[in-house]
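In this document, chain identifiers A, B, C and D correspond to the written order of the chains, with residue numbering beginning at 1 in each.
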């Protein structure tokens, strides 16, 4: 059973029907070590899945994380808020599909939405707010938001003509 | 610098001032391996901290997880919903304090609230909904909610006299 | 850049040139959360990679873990000894290839050897001894070794004719 | 049951009986999320325990990791070789004790030995070789060994008078 690790497609954004938003699909094998004594995924592991999927979404947009950090002088895109609803458990050996898309861009932050499917069933939904972050020039231990470059945002959006 | 691993105290519940709700405080050392290349805690690790703190809260109430599962025939108290806000990052070597309490009991589910402090600063807030869960009798791979026993709830609440 | 998740091939076993031993190759993307503040893979994560690769090797032999446990009534194939040498570090964004093979079968235990490559460079070598393990009939908390079934061993070996 | 997180003591080194080697003892609670579907510790987690214990050993010697990195300009003390033997499994809720000591100092590398006890029973033994590592001046992505400062070594050894 060959698995495609990742695939990209353009989805119609519900709010602004004349824009196409990049959505990435990533297949993840649930591993033995991802599961707890109840035999189901230990939920902090889902957040690692989602973090990997956000990285994969940026890579699908032509921004692999290691190059993006260097090119834009950022320290990362840290999370400031996340929420997940766990609808049905998964077990080791399951191959789940996660669909990820940017739900909204703001000045220095943005929202990512993940939907994890077991077959056709929506098993976990996750919503994250992340910041385009640089090291503070006045205190290297501090991290500050910066405006997300328009060229970055443009990579996730395809504006069609009517 | 001696560290107390865990301590319990009774806090006045804001909504119902005549009830005292058990709150547990747990100190956690942020380890090197909890941190990412930005040098700050990799956020899925916070959820592992919080899961450990929920276990510690139940233990403070006299219900260590391994005994609780056996005594009540449950498979665990899996998460169905969680949200966390990350206000300020932590780094390896930091000792953080997490205060955990049950925010609400419902029939077969309950809410836990965690506040993670770096010194006096609230650094992360987390809210979880969990289920008192048993294996389904008709399908061992399924997990179902059951009413939380009153004797369990009673361990977290102390009703005072006016 | 399409990635093949896993591929199988038959390699000539050095010691017994008339036997072909199944070797599985698995590609793993090093993720941001696999790395520590030095920016390199946090080494306990390598052991999770190797554990996943042992599972993938068994699956390549027609024994996906979840089915294997059920079919053979085992609780798992726990590690009793492992050694790893880390020759060169890897970083997030690297795609590494891990080659895994059974180095030796004994009565109730067996050795697995993993070689992790970054491009053509051998970056990590790992050696594990695992046990074919069942729950003890006299004490459910104990785990005991059992003879590995010949039909299992046969799936990893292809004896050629001279 | 109050737990002391960490304690230090001086042990007589077997090879050179006139030297006392610093040994650190650390108590670790095995958490639910450290365990796998077999209900026992997922073995990569033991390596995270041991990594934390090496950090605790250095801290007991007066070298907390974050300060040590800064004071000595090192990027870390990465592992180049490790071996562990798993003699008896542990489960969530267990409190294990890990004794850690430096087994040998060489020029730019050193060996750490860990013994993990469940009560009086030796449950896991681990041996690590680590390097006193700096970023290469010619290639920031490379990591190189440097001679361990004598003042660092001195903190772990107490030479007695006959």
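List of remarks:
Just so we're on the same page, contacts are C-beta pairs under 8 Å (C-beta built on N, C-alpha and C of every residue); 3 or more make two chains touch, one makes a residue touch a chain.
Worth saying up front: this structure is predicted, and the values here are computed from it rather than measured.
Considering every other chain in turn, the ones in contact with both chain C and chain D prove to be A, B. Between B-C and A-C, more contacting C-beta pairs join the chains of A-C. Ranked by how far their CA centres sit from the centre of chain D, the chains are topped by A. Averaged Cα coordinates give chain B a centre that lies 36 Å from the centre of chain C. Per-chain Cα centroids separate chain A from chain C by 30 Å.
Among the residues of chain B, those touching two or more other chains are numbered 32-33, 36-38, 42, 44, 48, 51, 76, 91-92.
On chain A, the positions that touch chain B within their shared complex are 36-38, 40, 42-45, 47-48, 51, 75-76, 78-87, 89, 91, 141, 143.
Residue ranges of chain D in contact with chain B, taken from their complex: 2-6, 29, 31-33, 48, 51-52, 55, 64-67, 76, 91-93. Residues 32-33, 35-39, 42, 44, 92 of chain D are the ones touching chain A in the complex.
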